[in-house]
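Same chain, two partners: chain A is paired with chain B first, then with chain C.
Showing the complex of A and B:
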């Protein structure tokens, strides 16, 4: 029984590596190549000029990374503040036309963001919100909020009202109930939603481009011109940098969450 | 004294989606539970006992009526400010907190210093027999231990009233008995007022000072266990307490006679003339022994044994008397000579007979 399973596991792992890991190999090669032309399988010569350009201050890479992360984290924070009460209402209350509200909240998952952004752009022009980080943050909320609401709704679905009733009977007011009972239960859902929100915000090109009008420079904005006809070597380097930041953001949040639970265990274990 | 007074509390649920079943409603309940009393609400599931408990707790808004403790009207007070405690069917221990933090939670909400509340929590855990378990997490405890923690958590803040909603029904029978004893001991020790909801009559009889029997949203009868059992006010109460020997008949000219004429005896004049139900407790029906002469204050009937079942320590014997089947509890020694199909003479003392006017 065990042997076929191990074989299956290794086959799956290999497939996963081919699908996810392999594409990175030419990216790495391309980023350190110096003139890589058909029909060569490997680059003829190697150089680090692309990395020197990308990592140097003059290219604006680091400020783009900063802006990208800043936008992603503000968007996520706003999403959490909006999604927790929204999920609470959508799960706990039965109201007429609830399906309509849900449809509107989840619409950005199905409708291409471009459609909404055209309208948003006009409004933002009138309000003077284009070309500002604040405007981009607002525009990023529409494609990210549905995922956050979805994740927290699932957490709320598994939280029976009995828990809050029990806390109530022990004398906990609304704020204490939320802090001591509801929030600890929602935390895994919030973490899942936050990871998605950060990743989706980081990967936005079109919305950032239209609303930011090229003035708000995030990593995808820098990356795009190089992919569409510029220097493929630079594009490769930016792609790798982008992937690295996305992975780091995810891993960082995961570690933070684990640390939170560990601290909680240690703190209560000793106390 | 700070008695718990429930004054005409009432609740009507809105009509459900399926129009066929009528909407549930709790008829006005008027009840006073004395300080330090153990009061049980006994009834089948769906009879409204949990609804009544939640109304007392304030977790459900009442349509009408008031809740008082002593001289305080708590009707409009939020549940968290009533200083009641509640133990639910599930232990509902907060999974991210240790056992002692769980127990201390109520004190934390009252802003009692950490040192003091942990000391109190330890003391209460000792009382429920979980002295060394404070630093464990709830998922490391068994079901019975979790329910003990829940009990400790409810009692630690010295509540005015302890509400319990079938707290032991999820436990296995031997554990349930153990918890019963523990609860009984602790309740007497702390003199806490308890309102206990259960569908288990043994549990209610073991624990309670007084019992209220409920059915279909109505409180049918309130009284001590012995009184309820020996003198139920209606056939419903009798049936729910396990009294199945209910014989239809009429009272006329100071005599009761059953519809099949098998039971006939004189009754006191206080009993109204008209249709009546005769309730015979299974242990009041005893076989006539040769030695015992016919007692003047008793009636005798004869029937045929239909079925015998051994039932811890005694036999449950079904006897067909006329058109009625009667359940009798007969001691093992006497029952050993009996076989199904045999004729048997049964004797009931008049003082063990109970009549309900229909």
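Showing the complex of A and C:
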């Protein structure tokens, strides 16, 4: 019994190293290298000059990070407002033409969003929405909204109407019913949807580029010239920063949610 | 009356937004691909953009390349994803600890990495003077940079395939794993009583159970790779280019005359993905993939 497990563990370790570990090694090495000629497996000398450049105020990194996060959070907030009532209707009511409604809501998952963005580009141009953060936010909504609706629908599926009826019997109005019964139950779904929404918004390059016309500088827009033939050290540092921010946004959401439930537990424990 | 219209009112904001921003964009693109563009005085419908496309060899080469890259990346991602999922499942079977959970998390990492970064990782690893080439040279297996095959910005699309295989393998394993975790522990014991080793167990029980979810996951990866832009833009060559890049090249080429053609490429791409999407939907409903079995 012991033997196959050890074999399995070592296979997994090898896989983990090749698939997850190895790809990041040159990225990290390159970002701290100072000259890295071909047959050397390690850079000749190390320096943090690139990180100093990337993290310094003058390189525009932080404004790009700010713009990226601002867009991602506005998009996510709008998505939550649109998706909660929609998910409610899709799960709890029998609708006529439900398949059509679902097809419309989930279409942007299958049809590539840049098709719609390229189509609407000239109209946005005429309306003065290009080169603005607002225009980019509008462009980011359709690729992210379906995932938010999907995630909240899963939460609604497990929420029984009885709980709300019970609250109604105890005299809770529609607002306090929503705030105290429905919302806490939906929260994990909202958090999952928000993580996806932030992640997808952060990783958009083409539609940001088309609508922002290079004037709305998000991280991917800032990064692209470097990775397509610029200084590899700068490109590596930006790549690490970009990936780090995406991962941190996810982990942050996860921790916030866990904390919420911990506080809740303590509160109900005391009560 | 209120009870009847209420759900539709609840849906209105979301549906309205998607119809306006997404389907509006599709429709706008469709009209312009047909040459209907009142702002510059074009109000006639014509299909020249489409006939020109169908006559150009560039379009067909681009379509073939797109199909080939999507097929190869989804198959490699499928195999790699299945290896990860089955290994994790077997680990979970033999160990009671929460270790498998941590493993699972670690293997999800590529999913959270943005596509551009994934593409750049492949550049650093696989370019002719890249990390692997350096390792092989230090080991004495190759003598010159030229001995390392061209895997990045190559006409076949290997760099794109490698990136998507890496990015999407965790997605495939994420889709299979929940199905596998429904295999009851007692099945393993029964299999052992009948003399089945680990390998037999995998072949006779684990594989058949995961096939429906596996096929659907692979197909989703195919559809996604078929229409993605960032990675082929970074790792491809100018000619032949994958369909989304081809469309972008036409759109930004500078002449207004190419724009209907670019939008026509988009409409064809959208039609193809809708078709593929319907196939996925049909089979996932039929096999009841997302719910598993009863």
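Keep in mind that, in the parts below, the second predicted complex is superposed on the first by the 252 of 271 C-alpha atoms of A that agree within 3 Å, B and C clash if a C-alpha of one lies under 4 Å from a C-alpha of the other, contacts with A are read in each partner's own complex, and residues count from 1 in each chain.
As a convention for this text, a contact is a pair of C-beta atoms (placed from the backbone, for glycine too) under 8 Å apart; a residue touches a chain by one contact, two chains touch by 3 or more.
For clarity, every value in this text was computed on a predicted model and none was experimentally measured.
Q: Looking at A:257, would you say it contacts chain B, chain C, both, or neither? Reply first, second, both or neither.
A: Neither: A:257 stays clear of chain B and chain C.
Q: Between chain B and chain C, point out the one touching more chain A residues.
A: Of chain B and chain C, C contacts more residues of chain A.
Q: Give one of first, second, both or neither to describe whether A:120 is in contact with chain B, with chain C, with both, or with none.
A: second
Q: Which partner does A:170 reach: the first (chain B), the second (chain C), both, or neither?
A: In the superposed model, A:170 contacts chain B only, not chain C.
Q: Now for A:162: first (chain B), second (chain C), both, or neither, which partner does it touch?
A: A:162 sits against chain B, while chain C stays out of touch.
Q: First (chain B), second (chain C), both or neither: which does A:181 touch?
A: Only chain B is touched by A:181; chain C is not.
Q: Which holds for A:133: it touches chain B only (first), chain C only (second), both, or neither?
A: Neither partner.
Q: Which partner does A:16 contact after superposing on A: first (chain B), second (chain C), both, neither?
A: A:16 sits against chain C, while chain B stays out of touch.
Q: Which chain A residues lie in the overlap of the chain B contact set and the chain C contact set?
A: none
Q: Any idea which chain C residues touch chain A in the complex?
A: Where chain C meets chain A, its residues are 6-8, 10-11, 13-15, 17-19, 21-30, 32, 39, 80, 83-84, 87-88, 90-91, 94-95, 103, 106-107, 109-110, 112-117, 119-125, 129-131, 133-135, 137-138, 145, 166, 169, 198, 223, 227-230, 233-234, 244, 247-248, 251, 262-263, 266-267, 269-270, 273-274, 276-277.
Q: Once bound in the complex, which stretches of chain A touch chain C?
A: Of all residues in chain A, those touching chain C are 1, 4-5, 8-9, 11-12, 15-16, 19-20, 22-27, 30, 38-41, 81-83, 85-86, 88-90, 92-93, 95, 101, 104-105, 107-108, 110-120, 122-123, 126, 138-139, 141-142, 145-146, 149, 199, 202-203, 205-206, 220, 223-224, 227-228, 232, 235-236, 239, 242-243, 246-247, 250.
Q: List the residues on chain A that touch chain B in their complex, please.
A: It comes out as residues 162-163, 165-173, 176, 180-181, 184, 264, 268-269, 271.
Q: Inside the complex, what are the residues of chain B that reach chain A?
A: 57, 59, 78-81, 83-86, 88, 90, 92, 94, 96-98, 100-101, 105-106, 109-110, 118, 135, 153-154, 157, 163
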